[in-house]
Amino acid sequence: MIGMIKVGILGATGFTGEKLVEILLSHPEVKLTYIASRVKKSTLYSDIFPKFFKKTSLKCQPLKIKKAIDSCDLLFLSLPHTVSMKFVPKILAKGKKVIDLSADYRFKKSSTYKIFYKKEHQDKKNLKKSVYGLTELFKEKIKKAQLIANPGCYPTSIIIALYPLLAEKLVKGKIVIDSKSSITGSGRRATIDYHYSNVANNFWAYKPFIHQHQPEVAEVLGEKLTKSLSFSFLPQVASFESGIYSTIHLSFKKKVNKEKLNRIYNKYYQDSPFIRISDKLPKLKDAAGTNFSDIGFAVDKKGYEAIVVSSLDNLVKGAAGQAVQNMNLMFGLEETTGLLLL
Amino acid sequence: MIGMIKVGILGATGFTGEKLVEILLSHPEVKLTYIASRVKKSTLYSDIFPKFFKKTSLKCQPLKIKKAIDSCDLLFLSLPHTVSMKFVPKILAKGKKVIDLSADYRFKKSSTYKIFYKKEHQDKKNLKKSVYGLTELFKEKIKKAQLIANPGCYPTSIIIALYPLLAEKLVKGKIVIDSKSSITGSGRRATIDYHYSNVANNFWAYKPFIHQHQPEVAEVLGEKLTKSLSFSFLPQVASFESGIYSTIHLSFKKKVNKEKLNRIYNKYYQDSPFIRISDKLPKLKDAAGTNFSDIGFAVDKKGYEAIVVSSLDNLVKGAAGQAVQNMNLMFGLEETTGLLLL
Amino acid sequence: MIGMIKVGILGATGFTGEKLVEILLSHPEVKLTYIASRVKKSTLYSDIFPKFFKKTSLKCQPLKIKKAIDSCDLLFLSLPHTVSMKFVPKILAKGKKVIDLSADYRFKKSSTYKIFYKKEHQDKKNLKKSVYGLTELFKEKIKKAQLIANPGCYPTSIIIALYPLLAEKLVKGKIVIDSKSSITGSGRRATIDYHYSNVANNFWAYKPFIHQHQPEVAEVLGEKLTKSLSFSFLPQVASFESGIYSTIHLSFKKKVNKEKLNRIYNKYYQDSPFIRISDKLPKLKDAAGTNFSDIGFAVDKKGYEAIVVSSLDNLVKGAAGQAVQNMNLMFGLEETTGLLLL
Amino acid sequence: MIGMIKVGILGATGFTGEKLVEILLSHPEVKLTYIASRVKKSTLYSDIFPKFFKKTSLKCQPLKIKKAIDSCDLLFLSLPHTVSMKFVPKILAKGKKVIDLSADYRFKKSSTYKIFYKKEHQDKKNLKKSVYGLTELFKEKIKKAQLIANPGCYPTSIIIALYPLLAEKLVKGKIVIDSKSSITGSGRRATIDYHYSNVANNFWAYKPFIHQHQPEVAEVLGEKLTKSLSFSFLPQVASFESGIYSTIHLSFKKKVNKEKLNRIYNKYYQDSPFIRISDKLPKLKDAAGTNFSDIGFAVDKKGYEAIVVSSLDNLVKGAAGQAVQNMNLMFGLEETTGLLLL
């Protein structure tokens, strides 16, 4: 690289935007040149979030897309779903790169998008160009991409765990995915449901059979999924401060054991510095705050049933961290740059 | 009833024993006459747990089984597994009633006990007499029992949710049970694993495929289980202060819908004041601290898959509360006495 | 008592209103006949708060003051400040009793009210009649009162701890009161400040020198306060789910020791079943969920300095519990009725 | 600097040792060459703490002091009190630098040490050489020191807040310091008191008037303290995961206002990159995980009373972070190196 990468963030005051700022401030090859959100006037970012006082003197600005494009090589879009697609065409037209953390460019089929996000897609042209940014699976495409659709947090957690087993055509029958997430996954919103007293010491399941991340997983796993496979995905809210912990119950066509699963996972992820594989079940806190994705598993005595656990930080590997990992690849950097020691 | 029931607790300083004291102190038909634990000398219970100061002047005593038997009509045994079976024969011999909250009398087959609790059963004779105290299922037997094996917390959570569907022979294939429990389920133990810093904001799975509650469920559901059914049970530790939240993923032989599940659950539990059925998924906190068992469910669009959620307080309905519910029946009281408004 | 006391709650969906319902449902001498809040139409209380399902079939109604008055002997007003004073005159006029949990009738001087609650008092006439409901201090007046101004949570915590020492004229100089409260003290409000992520693992001080509870304490302690005394009161938000923990640092005119403080506190509170005095410092959780007020203290070696800790549940002894304690007295019941074993 | 600083940690598995590893792994001028603890044999650090898997392949070794000295330029001693003083003389004798995080070298007077740590000091000679490592106050001495006594967490929090006001001779009368700390301040110990269930949602004061950090503060502030000043210090345990939040109530000899306090704090800390001064009261979480020390204050209307809040992370600025800040100075680095963006 000659010079620093000039980077901007649109939507810098949500949980994901804030985490992006945090990560990018310590990234050795990045200069944060533009951050914007729904502020009314240019405001010190540390006045919005006092934790950044003396860490950065950046100002958060009312979003002006032209200014954003002009001042950056790449823009992270940490905007609500259905908003990103207004800006993406303009950014691409100027030859700048985009990593969109919303769902707007995740589905190849705009019809699926419409079903789950209740809106006609406004930028079908670029939809085709977008690369799904699950780094470990699409590294080569990501390196050449101009537009990345950064994965949802649940799908990241699920796909990383399932992909190798499905690619090996080992799995049969119903795959049960029971996922637990921090409330931060629902965004920084003032609602009585997210009041401290409603979340502390609480736990609940929601959107059974209808969560919008289910089709995302299905699309990405795509041809790996045969008709003989079915899914049951249940998202849940837990009171840990950050993280997603997915437990995946599945059955095999033929007998396996720990060693075999170890070999398979290592085969697919040997060049993936952020995947940590273990034949013990991980604890969530070991991944919290990091860009690691921890995969652990157990096989029953007979060898035809397994439980795979996938544990990661929903705001890091599940959002901002993976976005930066993708940025690294897009600019020819080591994928771990600025991410390994979070 | 003529007069109060004289009740004792052996093992009054564990989480379950403490909860028993709490519940029994406000029970209108009970007089707590004897509580014992591993104290060295008779000690004010409120000196051990200051929260009981001015609530009770009971003393906790070094366990003397003769004294215990003489002073009580019924004894709750809240002792470690393998310890209860030393005392039970003596208590029964004197014609007193016992509710054992350990696992010692839960298995009809002593061989299963040996596999999971690593010890030869010492009281096979009484094993046969014991009644499994899952109140909702065995009400009539409990009324006449002298010895109750109070169910484990996970099994209570699971069996209540599964029984009606299995009894109706609706379910096929693999039943996945993903359970999350408070750390209190592991007992009051000084270990670094249970240190505040290791549990707060953490979450982890443990004992995949080998938890001792799996055979307990299997034995109780017994003939309801056909060869075509299999289980995957995963216990997990969450950082909520109390509770078990089990999510059960299952498939049906024929098409169902919410209304049908509602009818089935209501058919089995219409006379069960502590079962609360809903076609919404419950939140854990609504059951926390109470003797209720909340059952909620969702059916997928096609009608062949469902998720059933079972939510309860692991120390109340999952232990001390259900024990008192059983006691009520054994003494001819309303089963809700002293329990409804916890 | 002949017959049950018919009781209503105006404002039944705030934290305090909900706690009142919980306590009153298990009160042996009370029939909850009317509960109202800002609902649009009559709604099952258990539809608003599912935890009450199968505990009560009460309906929460849109507030109709005439209906409220007609159906009750006593009304608890758990309404926002400045709202209660609209209803109180009507209730009193019909000869019914009122316990107002807002600040509207706490100050004898309406001018103080205006300064801190930013509104002219609308019912100065009844202000004079109101009795400040700090049960332990004003028991005799409460027994005869028609209108009780139930104390604020911080003042309850502070006054109980300070009163005996001030009454004995022991204290001199500056009294520092450092209080930590659960966020529930600020009411059930949808604001980003109370979002789980902002409160969990956080801690902060607020309103230094200007909290509205400071003048409440000053007025109640009244003539006990001489010119030689001054206060520094700091309210803080902690992430425990319920409670107030006040640590009070003070100096003495003459030498004291633990025994002396013990004697003084016992002298003033010997007939107070809810005051628990100890020469050890209490832990918050021992009082959480109860109507107890725990007082502990320590004296320095020289005997001229002490720290007094006052610990209670802000929603129980600091609000709903004390209100019921007052109700008991107003109706000639034992003050502990329905409260001792919460 | 020519080459990396070779650094070792004795006591790498306590909370502070672990935090040191975390910080030093990302320090650009440090090579961690030796880490030791009470392990029985050389063990991958990531086997002890799985969160370090793929972050470091360091092994934790049984402590061999000769090996430690030979392989390092500087040793951090994160050992229990009374253990450090066995090793320090040997390290100094070999010309290596030491930062001791225990209390062993904090008191100039060994008699004070004996009173509070119940043991005769074993290395009085080096006691005199040690420099108290409160970076902001003793920067020049630290630069030249061979032995640093790293401050206690409470003293760091208190001294930073008080020093400027005392140095300006503004304060009079009693200074009340009410401090709340994470349980991590008590070390990683398996005791029932630190069990999750005893700490979650709890809060308590301990060691009133006798905490060992009180004399540490007194000694450091030293001649700044006149006879007219007295202290009341109360340490407390809160359930936040990390941090110390000290609220300091004090009185002034002459009238002050916010602007004046701002000027004073800025005068003393203008060259202190980790001190963040504000005339608002800080929230704990803004400093959590960082090396910042947040100072906020409020003055009452009359101008003779103030509350100063001091908020920091007990394991970072209160221990490991400040230790690294001192190391930076001892090796001629910018004091912020590797610390600013934690």
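By letter and in written order, the chains are A, B, C and D; residue numbering begins at 1 in each of them.
To be clear about the criterion, contacts are C-beta pairs under 8 Å (C-beta built on N, C-alpha and C of every residue); 3 or more make two chains touch, one makes a residue touch a chain.
What you see is a predicted model, and the numbers here were worked out from it, not measured in a lab.
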(request) Write down the chain pair with more C-beta contact pairs when A-B is set against A-D. (result) A-B
(request) Average the CA atoms of each chain to get its centre, and name the chain whose centre is farthest from that of subunit C. (result) A
(message) I'd like to verify one number: the distance from the centre of subunit B to the centre of subunit D, where each centre is the average of its C-alpha atoms, in whole angstrom.
(response) 47
(request) Return the distance between the CA-based centres of subunit A and subunit D, expressed in whole Å. (result) 37
(message) Can you work out the whole-Å distance between the CA centroids of subunit A and subunit B?
(response) 40
(request) Please list all residues of subunit B that touch 2 or more other chains. (result) 198, 201, 239, 241, 282-283, 285
(message) Under the definition above, what is the set of subunit B residues touching subunit A in their complex?
(response) 173-174, 176, 178, 180, 198, 201-206, 208-209, 230, 232, 234, 236, 238-243, 245, 247, 249, 251, 281-285, 288, 298-301, 305, 307, 309
(request) Provide the residue numbers of subunit C that touch subunit A in the complex, in ascending order. (result) 15, 183-184, 188-192, 194-201, 239, 241
(request) Could you please specify the touching residues of subunit D with respect to subunit A in the complex? (result) 25-26, 49-51, 53-55, 201, 273-274, 276, 278, 282-283, 285-287, 290, 292, 340-341
